[in-house]
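Listed after this line are the structures, all set down as structure tokens.
Both of the next two complexes hold subunit A, though its partner changes from subunit B to subunit C.
Presenting the complex of A and B:
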């Protein structure tokens, strides 16, 4: 009985519905790509950032350099962003 | 242009009697970078000792210390000087001898008087504080102490007390606390103490004063006022002195600093009993001027000798030698590391590439214009060399941003009246958005191309650097290894082209297959990769683990598109929220309340774009700088050069 119901449901799926659901999946994937990589970048920058603040407190000259070191993990989230852009467009 | 200023290693030797004129002339010319002499136990150093300061050093240092103390007290800073006219050195020297001591004496007297008055005020205020609790007690203070038969308790309690013993009590209550003066016969003292303890008594000592507390407070407050008046007079006189002599103080500071530096210069020389030697670097172009100056100043009694420097070029100080356009970018180089004397100075390349990258990321006419106005406007307020350079870099970057804004057809996220000339970055955001969305694939390919070209350029520069710096068999290996990296990169590209048709890239898929389904392109790519790997391994086998960085570094340039698109997205979202969701619905039927909403919408618009400007500046600046530092510089640049700091100073307040 249950099998028959799914069969009916499957036949009722129109092409538009499938397309719409695929679009939704794409959007989900894009969101996950940016969100998860964002979290990863955050974790990575956490340690660098705190060390950078410490180093700057001891010697102000290193500010420029540590600012750069802090943004190095940004690559991760940028890859995520690129993936999501490619997914969406 | 791509190399630092040429330096020549120079040795000066003379008798000690010539030491002072030589130091004076070196200081005046501001050209000679002294290599400090370090005593060593080696044979060739035998007999040489570090020199002793000139006789004037002690006295001058003392004078300088005194003057700096005064400058600190006045908080005079060099930047606030109005350099009206420069003083003659000789005249200034005379003034330092004749007038400075008396002015300094006056200032020091005033300062010590001020310190004394300050401490007096503190003393009075402490007395007032001690008296305050007794202000409401209408008894003379001397009546509260000195009894033999009675005990007096003064202090705060938390609740009322009742006593069964003979006593005299005075109580004053305020909102915050209760103050009590209790007098009991000595034999009942313990009972009173017990009762007070139950009421959480906190004792207050009776001040050593005569008369009522209120009158004493009045007296001391009068005293404080009088002292404050005197203080004001002193401050006024100090201000007057500061205003009158500020430039004089700064000029004296410069003169004495110069004198101290000159007097202490022999500490960096090598000396024997009767002679001295000093080694250092002079820009090759100015060598003749320097030599003539020394010759003239000493009447030719000094030996100036050019040393062979092929062995020691590594330790030569680096002075940038750039066209004026690239000069501000030197600041970005110093943030990373100054180039070594022997390596290529990429400042000019960065001064061209950095603004372009910034423009690609923040390509918007509106934001570019804001940053341009900001960088031009701040030039008046920001003092200091570094700040000015930074603003000039920002100015170039914002001009590039405007140019790319025109190419991308963007103005605060809106499109300009023409279609994007380069590629479209317009997103479909908002209720009635149309168009085909951003051309992400083309943009990505563009970013990849930029990456491939810049990394190749970096490796080519690496080949040049290794050819110039290395010696022996390592030299050829290192050059070949850099070539190997280029070959692997282009080999991978060739294989990709042979496998997939990509837009804006050569299409090699159509070539006929030769062996095992591989066509000419794939085979060429494969050969390039294999040869490249061999070259790399010959230099250092460990480098193999770095191979994946070829991909990750090239892909890293995708940030040019990614960060740029996110900035466009934020701009369009701000526009949609402010205009599409808040302002437009109200404009359809405007009411009084609607006007407020419209104003709020305008506020959202301004704040949103302000935030995005800051984000864009940070994102565009940091990300494109990072591409230079991490992706580009790691291919060829070592840095760690010594800054060229010639002996002497830039004179601001005096002239010879």
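Presenting the complex of A and C:
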């Protein structure tokens, strides 16, 4: 009897409840979009950054160029941010 | 400050540094320009490159050919010591092991110098303290009164057991070539054992060792063929390459050059080396063959360093290229000092 009552309650979700659930899912998706792309950017920058430091240690003139190369993977997290903003607004 | 020891980061860092250093080596065009310069112009040119510090430091004590030679040796030793400092983890162990060949060279130079009664200062000038035995240790060795005491001073080092056994009845000049051969054989055997011990990056190191041993063995076979002195190749053959010492002995029994190359080529796995051997069918001097073999070795090391960009290969490729830069500059300086023609000097350059 109790199980049947729970099932009936679940099917009787209000519009507000559904909207709140969707909003929660959107927020979760937005969080994942920024979080996962942030991790991916970190991994990509790890290799480029260490190579950049190595190159700069040998030749200081390349600092500007390698700084630019190091931040190129930032685009990944920016894409993630854009996706998350589209999801939220 | 926290030091990053794990992961690929230290490997990427040091391999990039090696690549940048490699790009700073003297290019081919500059060597061709230097061929038409005098000794003083070459000194000035060298001073404008990465050898400035050494030339400036030594300029008050030495001049001419001595200045260039000693500055180059100092620079090489300093560079190699510096690389040992910046390489991380197992790469450091592998680099150190590879640089032990300089210890062998230094030990033999000191013993030879002592046997010939050279003054300590003169012996010191030709040493390259790039290996495990540092400058202070080598200085102490030079100050030892006799060759026997020099060997005693090596107690605890990898070379000691073999040297003490070989020179049990005293150090004699005629035993030195045998000691040299045995030391290098032991050196390569130790390196192969290290590479096969399961050390990280050992596989790539073993690839390099096989190439190095093959090139050395092929060079020795051509030398033996040119020399015809009747010495046994087994004395100099290094085990561990693709050609076994027994096979080398059999190959050397083939008198005809074409037949010798026909028999040798199928044994070689490296494509560029096989191609080079095909070109050696026509008569070439032993010096030309040696230079060609060095060029092939460097080219193959470059390929290996591209295949494994974050391994021991970029480091070894740079170390070898740096060694040959010094070799070239020395050849240029000595050639100019002896008034050799530019064409003749060019034949000695690895460019």
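By our rule, the second predicted complex is superposed on the first by the 81 of 89 C-alpha atoms of A that agree within 3 Å, B and C clash if a C-alpha of one lies under 4 Å from a C-alpha of the other, contacts with A are read in each partner's own complex, and residues count from 1 in each chain.
Rule of thumb we're sticking to: contacts are C-beta pairs under 8 Å (C-beta built on N, C-alpha and C of every residue); 3 or more make two chains touch, one makes a residue touch a chain.
Computed from a prediction, not measured in an experiment: that's the story for all the values here.
Per the definitions stated earlier, placing subunit B and subunit C onto a shared subunit A by superposition produces no clash, and the two fit side by side. Looking at the shared chain after the overlay, A:23 reaches neither subunit B nor subunit C.
In the superposed model, B is the one of subunit B and subunit C that contacts more residues of subunit A. Of the two partner chains placed around the shared chain by superposition, neither subunit B nor subunit C is touched by A:43. When the shared chain is aligned, subunit C comes close enough to touch A:51, but subunit B does not.
Within the superposed three-chain model, A:13 lies out of touch with both subunit B and subunit C [touch as defined at top]. Once the two complexes are laid over each other on the shared chain, residue contacts for A:59 go to subunit C alone; subunit B is not touched.
Superposition on chain A leaves subunit B and subunit C with their closest Cα atoms 6 Å from each other.
Applying the stated touch rule to the two superposed structures, the subunit B and subunit C interfaces on subunit A have no residue in common. Interface of subunit A with subunit C (complex): residues 46-47, 50-51, 53-55, 57-59.
Considering their complex, residues 7-10, 12-17, 20-21, 24 of subunit C touch subunit A.
On subunit B, the positions that touch subunit A within their shared complex are 335-336, 437-438, 440-441, 444, 552, 555-556, 558-559, 561-563, 565-566, 622-623, 625-626, 629-630. Residues of subunit A touching subunit B in their complex: 64-65, 67-68, 71-72, 74-75, 78-79, 81-82, 85-86, 89.
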